[in-house]
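Should a chain be cited, it is by its letter among A, B, C, D, E and F, assigned in written order, with residues numbered from 1 in that chain.
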Amino acid sequence: FYDIIEDKKEIGLVNGLAWTSVGGETLQIEAISMPGKGKVELTGHLGDVMKESALAGISYIRSKTKDLGIDENFYKELDIHLHVPEGAIPKDGPSAGITMTTALISMLTKTPVNQNLAMTGEITLRGRVLPIGGVKEKLLAAHRANIRNIIIPKENEKDLDEIPDNIKKELHISTVGNMEEVIQLVFHGDL
Amino acid sequence: FYDIIEDKKEIGLVNGLAWTSVGGETLQIEAISMPGKGKVELTGHLGDVMKESALAGISYIRSKTKDLGIDENFYKELDIHLHVPEGAIPKDGPSAGITMTTALISMLTKTPVNQNLAMTGEITLRGRVLPIGGVKEKLLAAHRANIRNIIIPKENEKDLDEIPDNIKKELHISTVGNMEEVIQLVFHGDL
Amino acid sequence: FYDIIEDKKEIGLVNGLAWTSVGGETLQIEAISMPGKGKVELTGHLGDVMKESALAGISYIRSKTKDLGIDENFYKELDIHLHVPEGAIPKDGPSAGITMTTALISMLTKTPVNQNLAMTGEITLRGRVLPIGGVKEKLLAAHRANIRNIIIPKENEKDLDEIPDNIKKELHISTVGNMEEVIQLVFHGDL
Amino acid sequence: FYDIIEDKKEIGLVNGLAWTSVGGETLQIEAISMPGKGKVELTGHLGDVMKESALAGISYIRSKTKDLGIDENFYKELDIHLHVPEGAIPKDGPSAGITMTTALISMLTKTPVNQNLAMTGEITLRGRVLPIGGVKEKLLAAHRANIRNIIIPKENEKDLDEIPDNIKKELHISTVGNMEEVIQLVFHGDL
Amino acid sequence: FYDIIEDKKEIGLVNGLAWTSVGGETLQIEAISMPGKGKVELTGHLGDVMKESALAGISYIRSKTKDLGIDENFYKELDIHLHVPEGAIPKDGPSAGITMTTALISMLTKTPVNQNLAMTGEITLRGRVLPIGGVKEKLLAAHRANIRNIIIPKENEKDLDEIPDNIKKELHISTVGNMEEVIQLVFHGDL
Amino acid sequence: FYDIIEDKKEIGLVNGLAWTSVGGETLQIEAISMPGKGKVELTGHLGDVMKESALAGISYIRSKTKDLGIDENFYKELDIHLHVPEGAIPKDGPSAGITMTTALISMLTKTPVNQNLAMTGEITLRGRVLPIGGVKEKLLAAHRANIRNIIIPKENEKDLDEIPDNIKKELHISTVGNMEEVIQLVFHGDL
C-alpha cells in the first residue's frame, strides 16, 4: 500500500480531510491517553455531530477490544483526550469518523501511523464506513499537502471521476466499506 | 411472515422508516452494548422527542426483562449505545420507537433480525404501539430500498388505501397494536 | 361511583384531560417502576410546569407513604418513569397534577384504575386540588372518548353550568378539594 | 398579636403577598420534608431571584439550627421540597424571602403557623429583612382575602401612609427589621 | 487607620462600592459558613464575571490558609454561602473582588470587620489588586452613606483628583496594591 | 537567552500577548494549585476556545509528567486554578496556549519564570506549537510594556519582516516549533 519507504510514522496522530466553504483542507487528529478514570475530552472547536462521531468511534473500539488487542477496561482506567488543532476554527460533521477512530486505535495499541496518509469517512457503531461529501476538494487538498496515500469510503468511488488525471496518478487511493478494512490498510497486521 | 429465505440477519441492527420534507426514507438503527456502569449514549443528531422515545423503549424493556429473557441488571452492568447514521442529518419524532426498541432487544438477547424488514411506530412505556404519520411515503421508500417486509401500527391500517396496488402486492405488511406483536413477528419465539 | 361494571382496569395507567388551542382532548398518563436507584424520568415532550407538577406529586406521595401503604424507601430503591404519549405533541401546565399522582400511586401500590375515568386538577405538595381551566372543552372531549366518569376540582364546580344538559346527564362528575378525595374515589379503600 | 382566636393553624404552610402587573395577590408557600439525602426541590414556576431567595433562607436556617432547635444535620438527612402553587403562574423576586423561610422553619420544627397571617420581605443570609415594593397593593390583596395579620419590613413603614384608613384599621400590621422578630411574631416562643 | 472608635463591627459582613448607570452606590457582602461538604453558593443576581471574582478570592484564600490561620481543609469541611442583597438587582464586574475576599476571611477567621469601611478593587489569584472604574461615583456614594474609611486600588490613586476637596477631607482613603495590604488595614494583625 | 540579569522571577505567573480590535496588549496568566481532588477552574471571562486550549495544555503536561519531574497523580490530588486578569474583559482564542501551559508547569514544578518575557502560540496535545495571528501588534505591545524577551511560533517567523527595525533590535525574539523548546528557553534545565 505505502510505497514511500521513508514516511514518518507517529502514534496517535492521523491526517483527516475537511471540506469547507473555501475548499478542501487537511487537518490533524491528535489522541493521547493518561492514567485516569474514564473521562473523555473532545476539543478543537468541535460541533455536536463531530463529537457524536468520536463517541461512535469509541463505542466501536470498546465493542472490539478483543480483536484489536486492547485492554477491555481501557475506558475506565484511562482518561482520553482527542484534540483537533487549529482550535480557533470551528469543525463539524461526521466525515472525520474513521480518522478519529484510527487515531484512538493507534494510541491505545501504541502502533504508529504513516503520516503520508489521509482519510475521510463516516463511521457507524458497527464499523460500517458511510460516504461523505467533498471528495474532489479533499483529494486536491491532500495532494497540495504532499500526502500521497488516501482512504475514502467505497460508496464515494464514483466521485473519483471528477479528479483530474494528472492528480489521480500521483495519489494511491484506497476505498473501504468498513473499519476492518481501514485497520488492515493502516496497520497491516501490526496490532 | 418472511418469505425471502436468504435474507441477511444481523444482531442489533434494525431498519426504520422516516418521513422528511423531501419524502420518505429508510434509516438504520444500530445498538451495541459494552461492559460498563449503565450509561446510555444516544447519538446521530437526534432531537429530544426521539431521545425520549428511546428512553421509553429502554424502560419498556427493563419492565419486561423476565418475559424477554434479559438479565434484569443489564441496565447497570452494561453501557448501551444507540446510534442512527447518517450523523449529519437531524432526526426527530417518536416514530422510530418500535425500531429502536427492537434493536435494543436484539442486542440484549443476541438474537438476529432480518434485514429485509423495516418498521415504524411510536412506543409507549407499556408497549402500546401508536399511529404515526407519512405511511405512504415511508412504504414507498422501503419499496425503493428493496425491503419487502413492513410493520406499521394497527391504527395506520386505513392509510394503506393510499398505496398504489402494484407496490402493495410486492410488500408484506403487518399491523401491530403492541410491542408483544412486534416481538412475535420479528423473533417468532427465538428469544 | 362507577356504574359501568365491565370497565377495564389497568395498573399505572390513568386518563387525563388536556385543553389545547384546538379544543379539549384526552391523554393517557403511563407510570412504571423498575428496580433501580431513585432516578425519575419524565418524558412525552413535557414543559417545565408539567414536570414540576409531577415532582410535586412525587413529594406528596413520599410524605404520605404510611397512609398509602407504600414502602417509604421506594424513592431510592426504584427508578420511576412517567410518560405521556403522544411524544410528538408538546404538553405543559399543572392540570395533569392529580392524574400523574394517581398513576404513580396505582403503580406503587399495584392497584388497578378504572379506564372509564378521566380527571383533571392541579395538585399542591400538601395534596390540595386547585382549579384548572378549560373544564367545558375537557368534559366534551371525555364524552367524545366515551369516558363517563370524571373528576374535577371543587373550585371548578361553577364551570359545570356551561356544559349542555344532554352531555351532563351522561357523565358522572365528581368534584374534589384534595388528593385524599381523589384516592377515595379512584381506589375506594383498595390500597 | 393575633386576636382571632379561632384561626386555623398549619405546619409548613405560610401566606405570602405578591405584586403583579394586575395588582397585589396572596400566594401560599408550601414546605415539606422527607427522609432523604439533602436534595432541595424548588418548584412553582419560580424565577432565579426567587430561588436564590429560598437558598438564602435555607442558609440562614442552617447557620441558626441551635437557636431554632433544629437538628444541625437536617440539610443532609432530609430532602426538602418548597412549592408555590399555582404552578402555571411565573413568580419571581426576593419579596417572598421571609415567607419561604418561615414555612421552612415551621416544617422543620413541626410548629404550626396561623393561616390568618401573611408576610412579605426580602431576607439576607444574616437574617436582616430588607424593604420590598408594592406594599399598598399587597395589603389590599390580603384584606380582600380576609387575612387580618400582616408582617412587613420596618423600612416599608412609610408606605403605610398610602393605605386607606378604613382598611388599615381592620388590619394588624407588624413591622420587622430582622428574621428573629418574624420568628417571635409567628411562633412566640413555641419553637 | 480607623478614627471612629465606636464603629460597629461584624463578622462576615463587608461594604462594597458599586457603580451603576444611575451613579455609585454601596452594597453589602454577606458570607456565612456551615458544616458541610465544600459546596459554594454565590447568590444575589450575580453575573458570571462577579462569580469568577468570588472564585478567585476563594482560591487566593485556599493558597494562603497558613498565613491567614485558617484550617487548610475548610474548603471541604464547610459549605460556604456568599450573598449580595438586594437580590432583585443584577450585579456584575470584578470590582467587588477584594470585598468578597475580605468577607470570606472575616467569616473563616471569625474576625469582625468595621462597618464604617467600604472597599473596591479587583483581586487576582495571587492577591494583586487591580484598578477599577467609577472611583468618583463610588466615593460619593460612600460619603452619602456616612462611611468614612475607604480602600481603593493603588492604580486608581490618580482618580482622586476628581473628588471635591470638601468630600475628600471627610474621608480616610487608603490605597492598596495587594490583598496583604487590605488584610493589614482591615484586621491589623487580629487574624 | 535572558540578558537582563536583574529580572524579577515568579512562580506560576507568565506574560501572554493578546491581539484585540484596538491593537495588541499584554496579559498575565496566573496559575495556582491547592490540595484537592482534581478540580480545574478556568476563570477570567475566557471563551470556549481559550478554555479548550488550557485543557490541551493540561493533557500535554499529564502525558509528560515523567519528563517534567511532576508527580503523575497531580491531576487528582490537586485542585488547579488558572486565572487571567482583568476579569471584566472577554478573552478568547488559542494563542495563549503555550503561555497557560508554561504557567502550569512553573506552578507544578515550583520553578520561577522570568517576568521580562512574554510568549504567544497555540499548543497541540502533543506539544506542537502552531502559528497565531497579530504578531506585529503583539510585539509592539510587549515593547511598550518594557518586555524584552519574546517567544513566538516558528511558523510566524515570516511576520517579523513587518516589525520596524528600531523595535526589533531592542527585542530578543525566539521562535519555537514545539513545547519542549519553550520549556528549554524558559527553564533551561531547572525543572
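We adopt the following convention: a contact is a pair of C-beta atoms (placed from the backbone, for glycine too) under 8 Å apart; a residue touches a chain by one contact, two chains touch by 3 or more.
Since this is a predicted model, take the numbers as computed values, not measurements.
Any chains in contact with both chain B and chain D?
A chain counts here if it touches both chain B and chain D, which gives C.
Nearest 5 degrees is plenty: how much rotation brings the CA atoms of chain C onto those of chain D?
Chain C sits rotated relative to chain D by 60 degrees.
With over half of the numbers shared counting as same, classify the chain E/chain F interface as same or different.
different
How many angstrom between the C-alpha centroids of chain E and chain D?
Each chain's C-alpha centroid was found; their separation is 30 Å.
Could you give the separation in Å between the centres of chain B and chain F, each centre being the mean of its C-alpha atoms?
About 53 Å, centre to centre.
Considering chain D alone, which of its residues make contact with at least two other chains?
none
Can you give me the ring order of the chains, beginning with chain A and going next to chain B?
A, B, C, D, E, F
Quick check on the complex: what are the chain C residues that touch chain D?
Answer in residue numbers: 48-49, 52-53, 55-56, 59, 62-63, 72, 75, 93-94, 97, 122, 124-126, 128, 130.
Could you please specify the touching residues of chain F with respect to chain E in the complex?
Per the touch definition, chain F meets chain E at residues 12-13, 28, 30-36, 41, 43-45, 79, 81, 83, 85-88.
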